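Please go over the structures that come below.
The two complexes that follow have chain A in common; it is paired with chain B in the first and with chain C in the second.
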Partner chain A sequence: MSELPPIPRPEQRPLPPAGGPRKIVLPPHRQRAGRPFRVKAREWISRNLFPSLGGTILTLISAGFLGIMVVGILWFVFFDANWNVITANRWLLFAGSFPREEAWRLWTSIAVVMFLIGLAYGTWSSLGRRDTLFIVLTGAFVIFLMAHGGATIWSSIWFLVAIGLLYLGYYLTVWMPRETSPRRVWHQRIVGGLLALSLPLVLVILMVAGGANTRQFDGFVLNLILAPVGIVGGLVVAIPLALGRASNMRTIKWTCTAYIEVVRGAPLLGWLFVALFILDDVIGGDLIIRTMVVLAVFTGAYMAEYIRGGLQALPRGQYEAAQAVGLNQLQAMQLIVLPQALRISIPPIVGQAIAIWKDTTLVTIILTLRELKGNADSAIAQSEFIPDRIEAYVFVAVVFWVVAFMMSRISQRVERAQGIGER
Partner chain B sequence: MPSGEVPLFYRRGFRNVLQQAIYVAATAIIAWYVYTSLDLREFGFGFLSEPAGFAVGSQWLTEVDGVTNSRLTMYLVGVWSSIRAVLVAILLSTIVGVVVGVARLSSNFLVSKMAMLFVEIFRNTPLLVQVVLWYAILLVGAPIIQNVVNVGDFFFLSNRGIAIPWPVPSAGLWGVPDWFVGVWVIALIAAALVALRVRASRQERERETGQPHFANRYAFTIFAAAALISFLLLGVVVSIDRPILEGTQYAEGMVIKPEFAALVLGLTAYTGSFIAEIVRGSIQALPRGQTEAANAIGLSGYQRLSLIILPQALRQMIPSVTNQFLNVNKNSSLAYAVLYDDLFRVATVIQNKAGHALEMFFVIIVTYMIISFAISAVMNVLNARVTAHRL
Partner chain C sequence: MTDELSPVDIIAESAGPKAAAAVQPATNGEGEVFSPRLAGSQDIIITENVDKWFGDFQALDDVSLRIKEHEIVVILGPSGSGKSTYIRCLNRLEEHDAGRIVIDGIELNEDVRAMAAIRSEVGMVFQQFNLFPHISVLSNITLGPQKVRHMPKLEAEALAMQLLERVGIPEQADKFPAQLSGGQQQRVAIARALAMQPKIMLFDEPTSALDPEMIKEVLDVMQELAESGMTMIVVTHEMGFAREVADRLVFFDEGALVEQGTPEHFFTNPREERTKLFLSQIL
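After this line comes the complex of A and B, so read on.
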């Protein structure tokens, strides 16, 4: 790293103690006002919890409310709930009608994806203490679920291997220098390409040479397949749509606008209705294929709006400068406009990705596809588990929450790393 | 360079026309393919006027007989059910969103962390799972009707729903017909509008002159006087109908069914968490000087919030909040999962009985667009009012 000129520091900001972890020093205008460095616990409590009479009352009321909630939830989780509905139906919830003897295909896919996630983390981000805690907690939860009720030890070992691969991928890439250089560009291209190829690769692992057919994608596996298809397909649909809507050719602009507005006009459930009853005549194919098409078409319309926002946020000077240096329209789009516009629209696009992750549950409602929530319905339809509806749905909610929460954290990190939203 | 020297193929105008011609041709081919592959032999909306032959549950303010009425009527009942759920959910989620959003910025550590917990939990869970979970809690968690919780014969709570007292018009003071109630409601609305207008103009004058003009007092007096006079003139009596328990059924009063409650609770918590984030974002986007200035002139915390912070943040949040309201409208179709007979569910039932999927889809999408349009029209008016006072 080349020597930077010293950055003037405001006097009142105390320095972190020497010998701690090396911190990246931001320029003053990007430093966030933190809390003062060392505050005594007593002072902190009196300032944040009991500042005045009203504040004290507020604290007491909310502490009471929180206490009641926590005690109630703990009571439910440890004494009231009958979690057998989950442990007895693990495979049903996870993969449903996916052939059991082909389970190694699922484990291999998970291991591959974990490895790629590790590579991506090592390339663009870093795993901090919180991430490790999150991985350990999630891993413990999954292994607890696998071990409870006597699954084979191999599934747990496979899962541990997958986590190991995540760290392997991470340590393979994290030591590489982050400064822009031709080598770094190639590094990013390779990892990005692998990530882009991961979805087809996983489908190949799951399906080739006597694997599952599309009707056997079931349970949580179906969510894990549908959501990336919706997100990637949505982006593929969205970029031309956004450019079309921002175009100054009227026919293109009007049709793209009409497409976006019509798709956004009806709920996803309505479009799944189309997949079920109408699309059969138009494109045919399996129901799952039609569902994927509908998810891509639906997500595309929303993402197109966000990308259009990014296009509009670009100063006109960028277009003009691209023309001035003699780029043609295609080059200007590809090299100047789209990279910046996409970067601006990352936060809402990730928001939409989280939305589509949650919306994969909707395929259960009117289609005959059974994803995690649908298989939870099947689980509580068994006569011995009829009273355990709440447990089953709480479990489903927690599983979806973990993934969605992870996605939102990653997006926050991307935003911070790129300085989006800061001027 | 004069355009004559540029070859035709490289001229901008020609390029434009050529590109658009190719585009239109490609679109037309796709459209033609879709059109020919659809089964349009029986296309038409005549099936909607045939007798329905099914009943629709959770009716309210409507008495519809499912056997003789047409499918269209049943569909409109479903639309009314949807609108009801959407309106209640919008109202509640706005309240929840503003409270939680403000609480997230509270200086009280516990309060702000609890608000954060609320947002993170409800924002990152699928709405469908939330709705069925609320439904499961209401069905399994609430007592069965034999052990109904009775609060002073006013409120009943069981897994058949919550029964509450409800105002019902009855014969008037001087034996006036029932429809006079409608007249009275219209009179009240008119009085309210007049009162609001007077309040606005007096506030305006107060701002201009600096003299107190007692806007609220005037408005309230006008409204109260108008309400009283019209009440005496029209002679309407509104009695409160208390719920009673007849065997295992609720009778009288107003019953909030678990289906409706689950849908509204789910929509409220989910949308509320999104609105909370919008509220927090738009408050944080205000310059810090606003808070400091409010503190400097000695306003209390509540005054600071209601007079300085929220009115300014409102301008920024209305477009995003409008988007959330439109989402509430579309998400109300999840009623299907808890068997609440909203427009989407009734439409699928009709499609199940009569076929005509394409026509039913047209009907569904047009209905959702009309409701969305109404919501955005109202919000646009609000937005215009809020941004008009910019100084």
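After this line comes the complex of A and C, so read on.
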């Protein structure tokens, strides 16, 4: 190798004079093109809506279509529809055969859950303007229905109190340290623990000391109980299944694969029949508990596959680095692999959660459990409400949509909160 | 671990000044070459007739190599020559199919406890860094000491900060790996490996995934580590590092150990044709 001539160094640039405000001038290629920050409304409209003859025609057609739809919907909601079918049957739809004198148990549960949701929002995320708008709109919708039906003022007040508790829980978290610290971690653990306990807590509030029995869970309340059990139970089943399926040990691998393939191979309806007829002999009496088991088993099989996808998406280097650091297999799974795999699988898992939320309506068909949609069926079976079936089903659809939309929003939050260490 | 000293102190104490010029290579009984500064050292890694197969492909073919404590060995070779496979066998990320590997008196075999003991004595730095992206830089380093050595949290964090000082980026402790540059990530990876207080460090092409301007900062850390007396086995294409720092160069081709010798020997007078060809291609 011969000696290379020294590389000529560029001349040292003079430092900017110390002190005083410095004006930063970007090099020409970094300067923004002469685009003003605000575009005039008229200019925006002409540029985006009427750019050419074809564009103008498309805009007019879409506007006409949208206009007809919006006017039609508004007309239906405010003039055409007879919402009496909802308001007259609101208890039936909401809680069905749940004993009315025990209604305070329901209100208390809702208040507790709202408070915990507020805490959770404050702990891991924040309530943005859109969330507030969503809450206000939902609240207005509910109160409109109640007022329309001539409900006692107390139910509206209870509802407002529940929303108030949501915000109370949210603002309570201002005492939480913002920066990462052991104290913050403890706050998060406590809130997480409370959330995990909320479902059993709600069941205790509903049932203990002369409360309802499980056959009295009815209407929307039943959907609200079954879906979380299915989702949480499904996750609990899914994680070991996914790990088992990724395992090297043949028996474990084959058992898990067989479980997943068998469960996914039959429709949920079929498994609900199993709950109705076969599980009776296996785990006995309580139909709702049998249904919960079937929902968890069914959801678990799907979620296991999503988590396995997450496991496979992890680069092999992560396993190797965990080994090289000296972690044993269990530690590597628990500390390195699962946290990352679960984060990757959040979107499909939430998709499955939304699916199971909607599938809770299936229990009406065969199990003679009556949830929201089933009770809507009975509402329009009453002679005076027979013409109002559209109103009843629209209401049910809106309620399901609202909850599904909330789940999807929360999943986005979770993803973002978990995404801090994204590679 | 009953040591009162932190690994940093231990490493610093055992630091022998590297012999300025290893002019005359000494030779042990088996024709292996090492610097005079290693004259009193024991063999810490012994590999005898190691074979490794991936299906029909023979990745390692009868590799025998002894490495002394405090020795810096640089492994060279074309891509696919088995050099990475070799050092991955040394901490059992790969299992060898035949032959023996003995590390600090512990033979690598099916025994899980032996494996655990080896892993805590041998630190590894990967080409792709392989930091854990979901936890902070500090937690990346404290994880091993806390979970494997059961070191109290505060002590582990103090150790981690000490190591981050040593690799020159203490101010990055609370960031996540993705927020760091490649060179910084690799330095964190070195700190993470050092936190387990290893006797041996393996480097698998530590600078190959880095942008050119970041290579030097990593090599500087490695050189400092070498001067502190760590036993190091480095797979690299950085010839400058090999020439400056290594006690011995080893050349692999097609899974076999073809030639070994001092940097002097390699850069002035390589014996084998394959070595000459390889060196002419990369120099």
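Note that the second predicted complex is superposed on the first by the 374 of 423 C-alpha atoms of A that agree within 3 Å, B and C clash if a C-alpha of one lies under 4 Å from a C-alpha of the other, contacts with A are read in each partner's own complex, and residues count from 1 in each chain.
Note that a residue touches a chain if its C-beta (ideal position, glycine included) is under 8 Å from a C-beta of that chain, and two chains touch if they have at least 3 such contacts.
On a predicted model such as this, the values are computed, not experimentally measured, just so you know.
Counting residues of chain A touched by each partner, chain B versus chain C, the larger count belongs to B. In the superposition on chain A, no contact is made by A:Val70 with either chain B or chain C.
Once chain A of one complex is fitted onto chain A of the other, the partner contacts of A:Ile336 are limited to chain C, with no touch recorded for chain B. When the two complexes are overlaid on their common chain A, residue A:Leu160 makes contact with neither chain B nor chain C. In the superposition on chain A, contact is made by A:Ala324 with chain C only, not with chain B. Once the two complexes are laid over each other on the shared chain, residue contacts for A:Leu269 go to chain B alone; chain C is not touched. Judged by the touch definition given at the top, the superposed model places A:Ala313 against neither chain B nor chain C.
Shared contact residues of chain A with chain B and chain C: none.
On the side of chain C, the complex with chain A involves touching residues 91, 93, 116, 119-120, 122-124, 126, 128, 130-136, 143-144, 147-148, 174, 176-178, 192-193, 196, 283. By the touch criterion given at the top, residues 16, 19-20, 23-24, 27, 33-34, 37-39, 107-111, 114, 120-121, 123-130, 132-133, 136-137, 139-141, 330-331, 333-334, 336-337, 344, 348, 351, 357-358, 361, 364-365, 368-369, 372 of chain B touch chain A in their complex.
Residues of chain A that touch chain B in their complex: 48-49, 51, 55, 58-59, 62-63, 65-66, 249-252, 255, 262, 265-270, 273-274, 277-278, 281-282, 354, 358-359, 361-362, 364-366, 373, 387, 389-390, 393-394, 396-397, 400-401, 404-405, 408.
Only residues 1, 180, 315, 317-318, 320-328, 331, 335-336, 339-340, 343, 418, 420-423 of chain A touch chain C when the two sit together in their complex.
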